[in-house]
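Each in structure tokens, the structures are laid out below.
The same chain A turns up in both complexes below, where it pairs with chain B and then with chain C.
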Partner chain A sequence: MEQNMILSARHVRTWFPVRGIAGQTVGNVKAVDDVSLSLFRGETYGLVGETGCGKSTLGRTLIRLLDPTDGQILLDGTDITKLSARQLLPLRARMQMVFQDPYSSLDGRMHVGEILMETLAIQKRGSRKDNMELVLRMLEQVGLLPEHFYRYPHELSGGQRQRVGLARALLPEPELIICDEPVSALDVSVRSQIIRLLLDLQEQRNLSYLFISHDMSVVRYMADRVGVMYLGRLVEEAATDELFRHPLHPYTRVLLSAVPTPDPRTHRERIVLEGELPSPLSPPPGCPFHTRCPRATEQCRQAFPETKKAADGHLVACHLV
Partner chain B sequence: MTDLSSVRRELRREQRSLRVHRFFRNRQAVLGACIVLLMLVVAVFAPLLAPADPLAQTVSNRFAKPGTAGYLLGADKLGRDLLSRIIYGARVSMTVGLSVGLSSMLIGMTVGLYACYYRVLDSILMRICDGLSAIPSTLLAIALMAVLGPSTFNVILALSIVYIPRMARISRSAALVVKEQTYIEALRSQGASATRIIWRHIAPNILSAVVVQASYNFANSIITEAALSFLGVGVPAPQPSWGNILSEGREVITKAWWMVVYPGLATAIAVMGTNIFGDGLRDILDPHTN
Partner chain C sequence: MAENILEVNHLTTRFRTERGTAVAVQGVSFHVARGEILGLVGESGCGKSVTSQSIMRLYDEKRLASYEGEVLFEGRNLLTLPEKQMQAVRGGEIAMVFQDSLSSLNPVFTCGDQIMESMLIHQKLPRREAKEKAIEMLRLVGIPDPEKRFSQYPHELSGGQRQRVMIACALSCRPKLLIADEPTTALDVTIQAQIMELIVDLNRELNMGVILITHDLSVVAETCSRVAVMYLGQIVEEADVLSLFEHPMHPYTRGLLKSIPTVEDGKREELYIIEGTVPLLSQIPQGCRFRPRCPYATEACGREMPPLETLPSGQKVRCFRASELASGR
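Here is the complex of A and B:
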């Protein structure tokens, strides 16, 4: 099991200090707080949660775009938490990221070819001619044409841009790609094409995906396992089928009840959450979800729920389970 | 492999012609460019264009009126040909304008770029800039010239120091916007070095703001050079500069109006030309005005 693990996070915290006028730390925004998760080779791990729950911050921390405040990140057994930029460079090729916004994720002053060649130049690979060959082959693999090489991003559609973003992530030949809402900015028709492409590439290259999304139906289609985040914490984790059939955490149930179904006759009880997501600057004591939980008890208000194993591979952090 | 180079050539041509077309559609920019170009030509070919030696004195012809044979724009108190002096004065103005424009652009942009990328450097550099911009620019230039002593090179040096802080601020704020773009994040996630990100990715994206500001610095330094020379701390006599011709003319303004009117006009046209050119550039380069 261990050697099949590509990425493993142990008790990762990413806190952003809030500074007062004199520069002193007056508090911490606990965007990611004590999250542990593992990713196996060839697996898709769906990370879901509402806006502001810290899922993007977690993704950025895992790829070392942000430095974790505490905890360990292991890439294929190597602790990358404390590595310098130079030590990290060869490892960075092994984990790449695809971003949500296909517009701001490409430099408008460079044509597609330049953008992609840049990726190889960073890794100091090959001659210009070889790299160009690689880029052209990659364009084909992500469903673009050779003539897109000299196109500027503003001449491309959203879907085509996202394909370029995907090509950029694939060029260093990574084993792991962190997909930060890669399809949520796209039209529905284009969305399914990109998802198809992601799945095909995964099969060809045995890629692992950390798939960050707030769209439960996409996650259900893509992911092998799903983690649910709330207020910087992982509250439930299970295999996709298990999670969708037997959600244990009240928050997961709320999320699932919000997924629309194609059949209008099925009637499901819709649980509507009261209130807003509490500020991660001062998370409530006890269970972070108790302020909005329909089933909260006195115990929830006071004691923090430890993560426990509900079934094989099914973890949940709730007193009521 | 498909014939990519032909595709490339075609696309390049298309994109270039679009840019050229946008430039020529903007009449303001074309007019400004013509004036600047004219001034540059005059400066470069001054020895060919000037009818006489700007330093040759013919005391018998002192204060010759405009139109006198050999003195199209009149003569000064030493009988030197005013037209030739103004033509040679363009050399000073253009040298100062171009040098100050370029040096303040290069240094100011570098300062701004590094300030945007490194936090500690940012607070140090920006405090220095704040300190320098707190002093009125002409006053600062005069003070610097008083310390450095009058010479064309020192004018360039002093004016560059005066215009760098503003340029640094403008490039910093433009760079901060670019730095937050996702594509910079993508580069960082791939392990791109700070030098690569700053110079290959942020710099080209702030260039339009910087170039526009440089063109304003060009115009302003022409004016300020004239002011410094007028006050006697700029380009020293007998080398002609529009400012020191004006200064000499001030004493004889009632007797020889041409001594003030023509160099004044030259300065006004040059400054207006560069300003119009700058505005035109801004319209072309800034996508928000389109």
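Here is the complex of A and C:
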């Protein structure tokens, strides 16, 4: 088991200090608070939750695009938590990222070829001629044509841009890719194309994905395991099918009940959430979800629920389970 | 059958561009009954937003756009209505909710000001009364602490709250028709569920017609009674919601439905892919517009544009091979 683990995070915290007028720290935005998770080789781990729950911050922290405030991150057994930028450079090739917005994540002044060649140049790979060949082969793999090499991002459609983003992530031959809402900005038909591409590439290269999304139907389709985040905490984790069939945490139930189904005959009971998401600057005491939880008790208001193991590898942080 | 509040007949919208005329909407016809929710679906660039903005005549007719056809709102043709009267319709009798609440609300006015605006203009209410009504509107759309929100600015609110404020703006004059253009696309599923529920409730309470523009078929399945599917400026299929989901006739509709990722018994169902992309308006294919991406296309499809035919069931479809494909299923 341990051997097959590509990434492991233990008690990771990412806090952003809030400065007062004199520059002193007056508080912390606890974007990620005490999260532990592991990612196996060839696995897709879906990370879901609402806007502002910290899923993107966690994704970026895990590959050290952001520095964790506390905790430990292991990449294939190597502790990368404290490595300097220089020490990280050779490891960067092994962990890559695909962003949601292919419009803003590609430099508009560089053509596709330059964008992709730059990746290889940073990694100090081969001669220019060899690299060019690699890039052309990669374009083909992600379903683009050689002629796209000299195109600028604005000349491409949203789907094509996302393919370029994917090509850029794949060129250093990573083992792990953090996919942050990679299909959320795309149209239905283009979305299917990119999902299929992601799955094919995973099979060919035994890639691990951390798949961040707020679209439950896509997560259910893509992921092997799913983690649910709320206010910087991981509140539930289970195998995908298990999570969707038997959600244990009240928040997961709310989240799943809100997902519309493409069947006009079903009329589900929807659990409506009261109130607004509390500020991560001052999360409520006790269980972070108690202010909106339909089943909250006195215990929930006072004590923080530790993560428990339920049946079938199901992890849940709730007093009532 | 309820009377039609809106009838759109052969609406064509052309834009003058540097590279010639672009026909963004071509011969679109549909109707909305009083108290009905009609879904208008399709991918980016299929003309759903242009259709709705043409109904409101929001494009600059002097320089940019020209309309053809008829948009009958309670029997009056909006396309030939003098601008002065059109202004009374906009925001008064027909209201619109847009996708991006941050750019659709004015950042330098308070939420209250923006909700009151249309009441002050259209209903000529005195300020105090308008304020009372605006607060009542905020309460109606489910915003907690409406008195406080009334004097706050849009940036002080969350995305879901802003969307509610925009709905409050739209509903302040009790419109007879609401056009909701992707009202929940930028929102979380939980907020989306709340906003959609709100629109459905208000539709029932106020007996207001709704055109719901969306690319999300699941949202359509849950809220609409009838659906029109658009592709490249044309309606390719129109049906009641059950028929559309259970017997989709047009290959494009079928493709869209099969593109929804589904999992049965823990196994991934093969994800359908509609090949290619939506062509540019300057490169509209000959004959059937979906032909280059259609797996069932024949030579005949390239020669002539199929008409939007009404089948005995009442379902409308724009495909030469629709009945043949339906029986061979």
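Some observations on this one:
Here, the second predicted complex is superposed on the first by the 321 of 321 C-alpha atoms of A that agree within 3 Å, B and C clash if a C-alpha of one lies under 4 Å from a C-alpha of the other, contacts with A are read in each partner's own complex, and residues count from 1 in each chain.
The working rule: contacts are C-beta pairs under 8 Å (C-beta built on N, C-alpha and C of every residue); 3 or more make two chains touch, one makes a residue touch a chain.
The structure presented is a predicted model; accordingly, all values stated were derived computationally and were not measured.
By the touch criterion defined above, A:E147 reaches chain B but does not reach chain C.
In the superposed model, A:D263 lies in contact with chain C only, and not with chain B.
Touch criterion met: A:L255 reaches chain C, while chain B stays clear of it.
By the touch criterion stated above, A:L65 is placed in contact with chain B alone, chain C being left untouched.
Of the two partner chains, chain C is the only one touched by A:D241; chain B is not. Legend: residue contacts after superposition of the two complexes on their common chain; A:E276 is shown touching chain C, with no touch to chain B. Applying the stated contact rule after C-alpha superposition, one finds that A:C300 touches neither chain B nor chain C. Legend: residue contacts after superposition of the two complexes on their common chain; A:L231 is shown touching neither chain B nor chain C. On chain A, the surface touched by chain B in one complex and the surface touched by chain C in the other have no residue in common. The touching residues of chain C, counted against chain A in their complex, run 43-44, 144, 158-159, 161, 188-194, 196-197, 215-219, 221-222, 241-242, 245, 255-257, 259-263, 266, 268, 271-274, 277-278. Interface of chain A with chain B (complex): residues 60, 63-65, 85, 88-89, 92-93, 96-97, 99-101, 104-109, 115, 118-119, 122-123, 136, 146-147, 149-152, 165, 168, 172. Looking at the complex, you find that chain A touches chain C at residues 50-51, 157-159, 187-193, 195-196, 214, 216-218, 220-222, 240-241, 244, 254-255, 257-265, 270, 272-273, 275-277.
Chain B contributes residues 1-2, 4, 7-8, 11-12, 15, 181-183, 185-193, 196, 200-201, 204-205 to its touches with chain A in the complex.
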